[in-house]
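Handing you this structure, nothing more for now.
Order as written gives the chain letters A, B, C, D and E; numbering starts at 1 within each chain.
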Amino acid sequence: MLLEARNITKAFGSFKAVDDASVTLEQGDILGLIGPNGAGKSTFFNCLTGDLKTTSGRVLFEGADITDFTPELRAELGLARTFQVPQTFEGMTVLENVMIGAFLRSSHRKEAEAKAHAVLERVGMSRLADAPARSLGTPGRKRLEIARALATEPKVLLLDEAMAGLNAHEVKLAIDLVRDIHRSGITLVIVEHIMEVIMSLASRVMVFHQGKEIARGSPREVTSNPAVIAAYLGTRAAKAAAGHTPVELMGGPDL
Amino acid sequence: MSGALLRIEHLEVRYGDLIGVSDVSLEVPEGSVVALLGSNGGGKTTTLNAIAGLIPVHSGSISFRGEEIAGQKAFAIVRKGLALSPEGWRLFVQQSVENNLMLGATPLHDKSKQAALLERVYEIFPRLKERRNQRAGTMSGGERQMLAVGRALMSDPKLLMLDEPSLGLAPAVVESMYETFGRLHREGLTILLAEQSIELALEVSDFATVLQVGKSVLSGTAAALAQDPQVQKAYLGVD
Amino acid sequence: MSFVLVQVIVGGLLLGAVYALFSSGLTLVWGMMNIVNFAHGDFVMLGMYVAYVVYTLMGGGPILGAPLATLVLATLGVVVYFALIRDIMKGPMLAQILGTFGLALLLRYSVFWWFGANFLSMPQDIVGGTYAFAGLRIEASRLLAGVVALLVTLGLHLLLTRTSLGSKMLAVAEDQTAAQLMGIRPDTMQAIAWAIAAGATGLAGALIANFFYIVPTVGETLGIVAFVTVSLGGFGSVPGALVAGLLIGVIESLSGYLIGAIYKDIVVYVLFLFFLWFRPQGLMGKM
Amino acid sequence: QDKVVKIGVIMPMSGGTASIGAHAKAALDVATDIINNAHPELGNFPLAKSAGLAGLGGAKVEVIIADNQGNPATGQNQALRLITEEKVAAVFGSYQSGVTLTSSAIAEKYGVPFLNSESVAANLTERGFKWFFRTTPIATDFAKIYTEFLADMKAAGAKTDAIALVHDNTEYGTSVANTIAGAFKEKGQPIALDVAYPVNATDLQGQVLQLKDKKPDVVIMISYTSDAILFAKTMQSLDYKPAVLLADDAGYSDPSFTKAVGKISQGVFNRSSWVVGPPGSPSAIIADMYKKKSGEEMDDTVARQMQGFFVLADAIDRAGSTEPAKIQAALKATDLKPEQLMIGYKGVKFDDKGQNVLASGAIIQLQDGENYVSVWPKANAEKAPVLPYKGW
Amino acid sequence: MRRWIWLSVVAALAIAYPLLLSSPFQQRLGALVLLYAIAASAWNIVGGYAGQVSVGHVVFFGCGAYAAMGSYAKFGLSPLFGIPGGIVLAVGLAAVIGVPTLRLSGHYFSMATIAVAETMRLIVTNTEWLGAAVGLSGPTVPRNVFDLSFLSSLPYYYLFLAVLAITLAITWWMTNSRMGFYLRAIKDSERAARSLGAPASRTKLYAFMLSAALTSVAGALYAMMFGFVDPESGLGILISVKILIMAALGGAGLLFGPLVGAAILVPLEEISNSWLGGKGAGLTFVVYGAIIVLIARFQPGGLLSLFIRRGKPKTDTGAGHAP
């Protein structure tokens, strides 16, 4: 077991954003995390990465209890993430942003720079290497965050709505990128509201609602679950999800 | 159709030495919904921000209700009856949800409408009502998006500009939000919409303009554009 | 409790109210508008001089001096905003320290140039002597300052939390661009904030002048007190400044009386640091 | 003949003690006027009769003032500038002991005479310097004055058993307080209460209440002007009056003090070496000139400074040269008699360390409104001391 | 390439200065510029690069100054021996201050450092052993060359120049190393930096300690040159502000910013004081204050930013606060 969360609860005051949620992640998984806005997905994420202290529950990584580890320690163990609200280093170039990630495994500047270039190449951003990060739009920033995270050579990568703001074609390219990342041996957790992404990538899906898990299973199973449709998908998206196989979806939606 | 509420001609915007958009022309007729399409970095955000006065216009003209507004400060433009839900939301994260909405109502001349407008927003996004006293900075991504759109609606604008309103929202919420846009449209609101999901955008809009690397390359009715092979191209991002 | 101790505490409370009074302006511009004002103490000093000039030229007491000082300083606040602050806001926070430090020197030594370095003082009984009841002695001038302190902090607090003006000022402080999108003109809001802050500071100076000495360098001493009060209370919290002011006043008084005056500042600083450890946002500040 | 002798003066012209510098500047203007022009009305007062320094063929004295900003480093920089750029014949200053310490070190290294007239730190004359001279009485002198004065008061029937020392925590406050405490202890009368407070206090109620609580018979105040004013105000508002309030010069001598709170400090005793003589006497004439110049009454600090300056000028005059070594020799040979002084020292004569062994002082009291009158020692007292402290 | 040319021109000028302007006062001015440049450059590490505006840096300055004077006054040793002691003291103190305060954001950190500095000043003022308010003096008459008490400013000048060169070299090395990158990242978004494995607290603490060590050296040199330290001149808040102002004026976060700031402010202060100070009307500070105000008003990023084309990070953080 690569990553395991046991009975995580996160309360803000009396409000429980995450309420007794558990999950296990095996090497090679792509776990999809979906649920309505404010269901607690990002909060759960932040508990896994150490950004937030859990109110109760434990987090285990490769069998070791890391509940009390700082985010930087978890990063060193191989846990990387992106942020839903991009946290770009505004004063730096795109390349330098990625170098910050690369420095985790190589302390020399030249080495980190070379590694950052390679990662940018991989995510298709090398053209922008010397652009100031603050010139990027939201989608660009999200991609930059993926690059940064990859540069830390993680074992597990958690993507929080990394594809929001992409058009269908770009989503398709992004899915290819994630597949590529997955093939290179990285285990993924993805949060997305774009059903196409979940349908075509996730091996397992977990559905949150009001801080609690309300369903889990294969993408097909959960998208046809009436509770999920009622709480999250709505009729239209459910129809779309039901009507298309993932492969069809990758061709782009019909107009 | 009635006269153009907003007309942009040969808009050029620069970020220092970098060019944001080089040549954008478009027209938003009164009472219509116009979609601004284009791939990543096409210049949608730049165009909307330039209209609102958030970034200086380098050249070209922007006229709103017949008046040239290029070069004016954002607060002055907004007061003329224009609202923008910007990229990145730009909420007042230290203040409560309701305060954010009330701030949105600042340009409103007739303050008696405020309560009704607030109710309308709460109706569209019940979550906001539920969290009216929560600090905006602690809201989830989707909740923030709702707040940004709701805030723009609070000034009862003549022209509502939305920069990717569906970003980060759950499918069901997107669905109901677009239904609302349709309703507001029928009630006579003019909307300029930048949206990645071309399917959604073309469904609600009357007209659309496609931006490609900072240029408006194609405009027409939504129906016509939906069939256009060039849209397919632009939408697929192939040059 | 011994009788002297009561007097010490009462004295401390009154002193603390004064601290709160001249800190409220600082918490407004520093804590809320996010502008560091190193010249704050010198604004207090200017308020004192205005009161003194009013007294010597027109024979007016605090009834005339205090409103005039408020007015003059509010005007100065607006002028300083448009002439300096608006532009240094475009730079990093350090530019604000740089600019307002320069401003502090400029103000301090312009006054010095004009009035000289001599210590000045208002007549002792300008506000009406000292009240004595049940053996407790309270100076009318300090009482007046204390009461005004309460009123001003209350007023400021209501303004910021209950009015749309307050909410607009906070919006500008947080994100000028977004505020513009709401049709708010940032310049106006910040100028108003400066006017209020400087006015309140001038008022504080005028009231303090009734029982303190007046000298061009007096702002240095008072400025530091204001900085500590504002941080202890929490940046941007007006009620926080009041509570912190009272707390510091009482702590200073008590420790000055019980442990020895040379240690009272150490006690305050150490408590402050201790406090920051457990509550880094100050008494009433938000993170 | 337009020969000039330049004397460098280092004073605090800005910062918290800038009023001292302003007063000194006016006093030195008067002093140079007296030296450079003929002032027959001053009679035999040294350097007054003729225009310029007779010993240098009527050369004029020129004062070059530098601002030490109350900062030892600035003081030292300015000393260097005065010596190397302005080529002054001697340096005079610098009020704060710390500044005097650093600036005189430069004079010592360059071999230029340095005369100090008001810094009281004991260690200044303990450094083995050969170019440093000090005219002012120091803490040990004050302590002697106070013990004797209080003994006399006791003999006259006043209660002087419990003595409280109130002082700030500056170098001046602590060192003087320590010396005084030591002196009283030696006399078998240890200090009953020691109240220290931080300089430039925002509030002194606690200290006054402490005094009010412990009820000492005599309170000795060692304070700068700011705190002296605040003490006076606080004492009135808390209705506290010790039987004997005795101040150690400094703030209590500042005309700002008497102007601001003289009315509510009636009867305070103060230490001073400055006593205005009868009308027509040199000291009265000089005081008058000073008042015309500055608009202030002459106080002890500025009088000591002026006197120090005269001593320096006199030495240069006697040296008959601007050569440092000659001035140094003349300073060492200084032997001024009381009648040659404008101030109440017993004379000026330097010991091996450069300290004036004849420096002394008297006790004055604030009796009529804003003016001090000398009350002790009896020999040259204008009026008899009035007890107890009246206040307001 | 052009950078190296510039660098050698500056270096050559710095070496030649005391020979070109050779009066004792000019030489001393040069030495003072370098001295303050050392202190301001040291401050720059934490204030400029790490973005943690310390207003209490004078405590470290004081550590050095007191250690140097103390080693003479208390043990009769050369003040030089105090330098390592001062460094150890400063670094230790930085650790004690830094651990709790570096997690504080912005203004709170600044205030906490002020509070620490003032506390130290008050404690020293009341500590007999450290000379209390009287302060400690160095050797008045140098016993040997190691007392570092020279009549001429020339030896000081070159000593300071060497120390400044070392300080700048350390700073340069740091900014180009992982630590420098981490500091910049932490300044922009501590949260993101940590998620990428940058140990934010530790990195800031190291920067703070490094800065403290170098500042303490500056303090020791200062005390040796003036032969004296007291609570006001060794621990007074004004020195903190002066150091900070110099860095800000020249350009905080730029390698040569503090040097430029010192090269402008020190002569400005000394010369305006020399010309105007004696008049006693406070004109020195009117002029000095006005010039600072003008620079802040027209060049808020510091003077050096005029010549350096590097986009300054503008506040663009409407979305910066994540849930």
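In this section, contacts are C-beta pairs under 8 Å (C-beta built on N, C-alpha and C of every residue); 3 or more make two chains touch, one makes a residue touch a chain.
The structure displayed is predicted, hence computed values, not measured ones.
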| Chains contacting each of chain A and chain D, listed by label | E
| request: Would you mind checking which pair of chains has the most C-beta pairs in contact? | output: C-E
| Rounded to the nearest whole Å, what is the centre-to-centre distance of chain B and chain E, using the mean of the C-alpha atoms as each centre? | 50
| note | Taking each chain's mean CA coordinate, chain B and chain D are separated, in whole Å, by 77
| query | What whole-Å value do you get for the distance between chain A and chain E if each is reduced to the mean of its CA atoms? | reply | 44
| request: Check each residue of chain A and list the ones that touch at least two other chains. | output: 42-43, 84-85
| remark: chain C touches at least 2 other chains through residues 109, 112, 117, 175, 177-178, 216, 262, 265
| task | Would you mind listing the residues of chain D that make contact with two or more other chains? | result | 14, 18, 21-22, 169, 198
| remark: Residue positions on chain D within touch of chain E in the complex are 9, 11, 13-14, 18, 21-22, 25, 64-67, 69-74, 76-78, 80-81, 84-85, 97-98, 101-102, 105, 108-110, 121, 123, 127-129, 169-175, 198
| query | How about chain D: which of its residues touch chain C in the complex? | reply | 14-16, 18-19, 21-22, 169, 195-198, 200-207, 209-210, 212-213, 225-226, 229-230, 233, 236-239, 254-257, 259-261, 263-264, 296, 392
| said: Show me the residue ranges of chain A that touch chain E in the complex, using the header's touch definition. | reply: 42-43, 49, 51, 70-72, 75-76, 80-81, 83-92, 96-97, 99-101, 103-104, 107-109, 112, 132, 134, 145, 148-149, 151-152
| field | Residues of chain E that touch chain A when the two form their complex | value | 176-178, 181-182, 184-185, 187-189, 191-200, 311-314, 316-317, 319-323
| query | Touching chain B in the complex: which residues of chain C? | reply | 164, 167-168, 170-171, 174-175, 177-186, 286
